[in-house]
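Next up: the structures, one after another.
Both of the next two complexes hold chain A, though its partner changes from chain B to chain C.
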Partner chain A sequence: MIERLQHMAKKVGRPLYGNRRLISYYWERTRRNKLAVFGIAFILFLILLGVVGPFCTMDPTMVDFEKKNLPPVGFTAVKSLYHIETDELTTTEIHGTWKHPLGTDSKGRDMLAMIVSGARVSLLVGLIATGIAILIGTVIGVLSAYLGGWADNVLMRFTDIMMTFPFFLLLVLIVFIFGPSLAFIVLVIGLTGWTGTARLIRSESLSLRTREFVIAARALGASDGRVIFRHLIPNVISLIIVIATLSIPGVILAEAALSFIGLGDPTVPSWGIILEAGQHSLDTAWWVAVEPGIMLFLTVLAFNFLGDGLRDAFDPKSNV
Partner chain B sequence: MNDVILKATNLKTYFFTRRGVVKAVDGVDFELRRGECLCLVGESGCGKTVTALSILGLVDSPPGRIVDGKVMYNNLDLVKCSPKQLRQIRGKEIAMVFQEAQSALNPVLTVGDQVMEQIRVHLPIERREARNKALSLLEEMGVPSAERVMNSYPHQLSGGMKQRALIAMSLTCDPQILIADEPTTAVDVTIKAQILDIFRELKAKSQMSLIFITHDLAVVAEIGDRAVVIYGGKNVESAPVSEIIANPKHPYTAGLIECLPDISQTTDRLTSIPGNTPNPIALPQGCSFHPRCPKAMEICSQRQPPQITISQEHEVSCHLYQ
Partner chain C sequence: MRKSWLRDYIIKRLIYAVIIAWAIVTITFVLVRAGPSSPADRYLANMTASGQDVSQIVEAIEARYGLDKPIYEQYAEYMVNLFHGNLGWSFSTSMPVIDLLKNHWIYSFQLILLSSIFAAFVGILVGIYSAVKQYTKTDYIATFFSFVGISLPNFWLGVMLILVFSVKLGLFKTYYDTTLPLFSLDNLKALVLPVMTLGTGMLAGYVRYTRSAMLDNLRKGFVTTARAKGLPERTVIGKHVFRNALLPLVTIIMFDLGSIVFGGAYLTEIVFGIPGLGQISFNAIFANDYPVVVAVTLIGTFLVLLINLITDIAYTYLDPRIRYD
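Showing the complex of A and B:
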């Protein structure tokens, strides 16, 4: 089995990374799009943050009630204390310190550390769930187009059924039954999010299948597997890249939204979880909710810009 | 006859579409002998390419289906072969060269990759060995600086180069039969001559049999041994090339020959056969050529003409010779 898989893997075309000229051409075209460059820069920054960040910041789970609700550097917050003996309300001003550049939350945890570890979580969620979705979508789309006939019908009607399924309700249901586990959430997002991909890949492969080079390959004795791996998939790879880039932010947002309504995994500090915790203290410590919110906003924007840029770069008809 | 390597009898391939049954191939007969070049001649849409695809079992099904007929290859009926058997035969024993080299090559793989892949589909050899074989094949095809061509993508090469690469791919396993589907249509005249040379050399060097599909009688005269003229999915005339050019019996064949422009004469208008190829969904009653035929008779619109033997090698389907 493993041997067969290795054999298959060898057959898979390598259209892009083996071709420096094409890469530099696409890079040239992407680079002209300023927003896409911002996207790339921000995503690289995020990856760096997720990979090395956690080693440079303090422990995001360290609770210190002495230092709770510290504002970020440069901001001041008013802390009011109620003295029960005198029945008086005293207010003191507290300033942000460089020890906690982004402030602390209501349990005194360092916001910077939490944002950094949240970046790691969000990226993992986005990449893994998208990876699963793209894989399933590509397999189903290509098979559907290539096999045609009743197989196409079965696969596409299955896709239609999956599409009509309210995926957010399914998520809620699963979290309700199995408890809020991040792995489950990622799995469910991946297993339900492939439908659009399958349809796009199918329509692209349908037109490829009738192209002469596919018929020519078959006329010279290529097997079905070879046609799919050497001729169909390499020709839809640019489409796959664009779909993947554009679907990552959706996945990240889905996880955040789930956390926000209280169905996230409370043991993992994702941006959604921090946001949810922060919404209760918006009047006393606005930064707890605003900081992960800004990060989410920028991340989603960055992936969308990059996806748009790549789509234009891969499209030979657009003149970027 | 012993030296017949491929024999198609009454081959019928229909496409069942929503608008009706398209009778793309409706009773084609031919024999291919070892080492000869057989030309299938006809206008666009007369069923030449579908005939070739039917031989290899590559008709898209649905909507297409071979509804009748036999294609005997070495005592094996290709129509009844399993897909697996056919795949063994395709490329290894019967190979095909397609019309447009640009679209017959995968745009995202280098030419070398594609030639090598072709070799490795059929032969159990290593990458490096396959590369050497691909290089020598390309050089045999008269490709200058084969190394550079190997590393190029199809769009970086000229039409002639691509056509040569395609031919090289089809020859990797020294097939018994090579089907060439209008290999000279998409290239210019000088390249055309070179490519015809390649085929001629191939024929001289090996005992390969060629099925050459073309609409160009000049090409037929240059390379063919025998020719089968197809109209409306049926053969109308088959004869040795010299015979068919000098002495065409069927009015359609005669018309095709008249259409060839003569370079030694100046004329304002080129001759053409009036009308179009018949609609394959609704072929005319009787002889399908009769609406365009200058010699049409009463009977032509009523009954299909039988196959008439003019001489041992010359057969024609026309009421004129009854």
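Showing the complex of A and C:
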């Protein structure tokens, strides 16, 4: 009997990680969703761009006022020049060149190089901040569900307070007070963005706690740590993957929004910072505001597609 | 008599709301005052520019506003004032905070109200249609565009709308004109782009929520019964399915509203230069004007808590089976 229970606890307790068959099954289900496949493809492209890209493009910080406001390839822009001696206004047409395929900004910096370096920033911010948030959220959620009683109460009231706190305002406040360095911004987003995860993981763990295999494991004398790490956490992994994928866009957007309102790290060219500069030169160089926004939009879209696809794939009730 | 338990519940929730609001005010206060800069810095810059002796003046100003006292005394004073309904004095605009709020809340309110109406109306209709026509081309298109809508960074959307409709086409002004009377057609026109900016994301969210809430109910037994009775499809969808979909829908819409007050609206106001609460709190942060920052945070927090409470009470009317005792 005991051997059978042990066997059961072992088998059911490892649903996703370390189970090849299940991973290939979920992958098969995800693959059927075309939008999710687009999401994966774009994210892979972005990772490639962020890792390899900066070595192939020119220096994104190189200023060249001779070549300012060059339009992207295939576009022309009208440049007006006022001659003080002749009191005349001459307009010249400038065409985009292949040297700067995406054009240049008002300081003559290459847009392609800046977009590529922005990809690296956005990915790093998205992955690290989400990692921190998910870690804290999972720990608090599982502890809260497993310990119950007053510990659960304290943790959940704390979560309530954090949840009610206007997230973006808190971010603006903290970053303004302690200075805009990228590492700090990532840390703050991670430390404030875990509330939703904690709630979801808690409710999922609560229902797992009463399941037979957990009761069996405890009846067999498994320690709290063992139950948490071998039975509870492996079983919420699929939920964690979905939450992580769906919270990355929010994190990337938060960083971009911060940069957009002038609280970004001025030493790192992120999409939000380019966008902020582009906002002020809409009439002379529209592409400076358009290009980083398109990248931001596609990135967020890709993660949303993938997250949605994964959620459907993990959901046994949905037929994909 | 039926809802006598509801009163106790509301009182309990209000007490809870006050405690949370207190915690948030305290955190905000400490955060703002713990920073290295002081509201007197603004005067300092002006004084140095005109060649006056700075050190004495800063001391005078700090003494005048009680900024030289230890932070816990300042906190105690602030809380006592708050308890008496006094929100303090705004350093950067030189007026009582309450007057500042009175002058500016309407700009946020009109933006959020119009965006919500636009988003809820269009979003719910499209969502219902999409669910009823599940797996048709219309449904796929609606689903795809709802993804696009939730993924569009709203501040970028605002900049793009300005680029296309104001800079290129010249249909609208590039900024929000505050001289317009509030209840005029011109003001409504000035709000078109901001409402589209804030409303698009909300709308896309509502399409998704409505669609999934409708789908949850469409295959239930009572729907088949209603159809079997020979009820017209309109009645089945409108009265039977939608009514039941309303409950989860209200939850999520209200929850969304709470997060929108401080997220989307905040950025929309900054993009278009609308002088709402988001904009003044933003300016106040940069000016170290802590009474304004704390007051706006407090109001936002209280609104969110109030909306949550109203949602929970609304449940008991939408679904009389729900009890909280």
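As a working rule, the second predicted complex is superposed on the first by the 303 of 320 C-alpha atoms of A that agree within 3 Å, B and C clash if a C-alpha of one lies under 4 Å from a C-alpha of the other, contacts with A are read in each partner's own complex, and residues count from 1 in each chain.
What we mean here is this: a residue touches a chain if its C-beta (ideal position, glycine included) is under 8 Å from a C-beta of that chain, and two chains touch if they have at least 3 such contacts.
Values in this document were obtained by computation on a predicted structure and should not be read as measured data.
In the three-chain model built by superposing on chain A, chain B and chain C fit together without any clash.
Shared-chain residue A:R226: touches chain B; no touch with chain C. Annotation: apex chain A, arms to chain B and chain C, angle 90° (C-alpha centres, rounded to a multiple of 10). Once the two complexes are overlaid on the shared chain, A:F305 sits against chain C while remaining clear of chain B. Of the two partner chains placed around the shared chain by superposition, chain C is the only one that A:I177 touches, whereas chain B remains out of contact.
In the superposition on chain A, A:I215 contacts chain B only, with no contact to chain C.
Judged by the touch definition given at the top, the superposed model places A:G149 against chain B, while chain C stays out of reach. Counting the residues of chain A that each partner touches, chain B and chain C differ, and the larger count belongs to C. When both complexes are overlaid on chain A, the residue A:I161 reaches chain C alone and has no touch with chain B. Judged by the touch definition given at the top, the superposed model places A:V290 against chain C, while chain B stays out of reach.
Once you line the two complexes up on chain A, you'll see the smallest CA to CA distance from chain B to chain C is 11 Å. Looking at chain A, you'll find no residue that touches chain B in one structure and chain C in the other.
Note for the complex: chain C touches chain A at residues 20, 23-24, 27-28, 31-32, 34-36, 144, 147-148, 150-153, 155-156, 159-160, 162-163, 167, 174, 259, 261-263, 266-267, 270-271, 281-282, 285-286, 293, 296-297, 300-301, 304-305.
Residues 35, 160-161, 164-169, 172-174, 176-178, 249, 253, 256-257, 260-261, 275, 278-279, 282-283, 286, 289-290, 293, 296-297, 300-301, 304-305, 308 of chain A touch chain C in their complex. Against chain A, in their complex, chain B makes its touches with residues 53, 56, 58, 60, 62, 87-92, 95-96, 98-100, 103-109, 117-118, 121-122, 166, 169-170, 172.
Remark: chain A residues 13, 15, 148-149, 210-213, 215-223, 226, 230-231, 234-235, 237 touch chain B in the complex.
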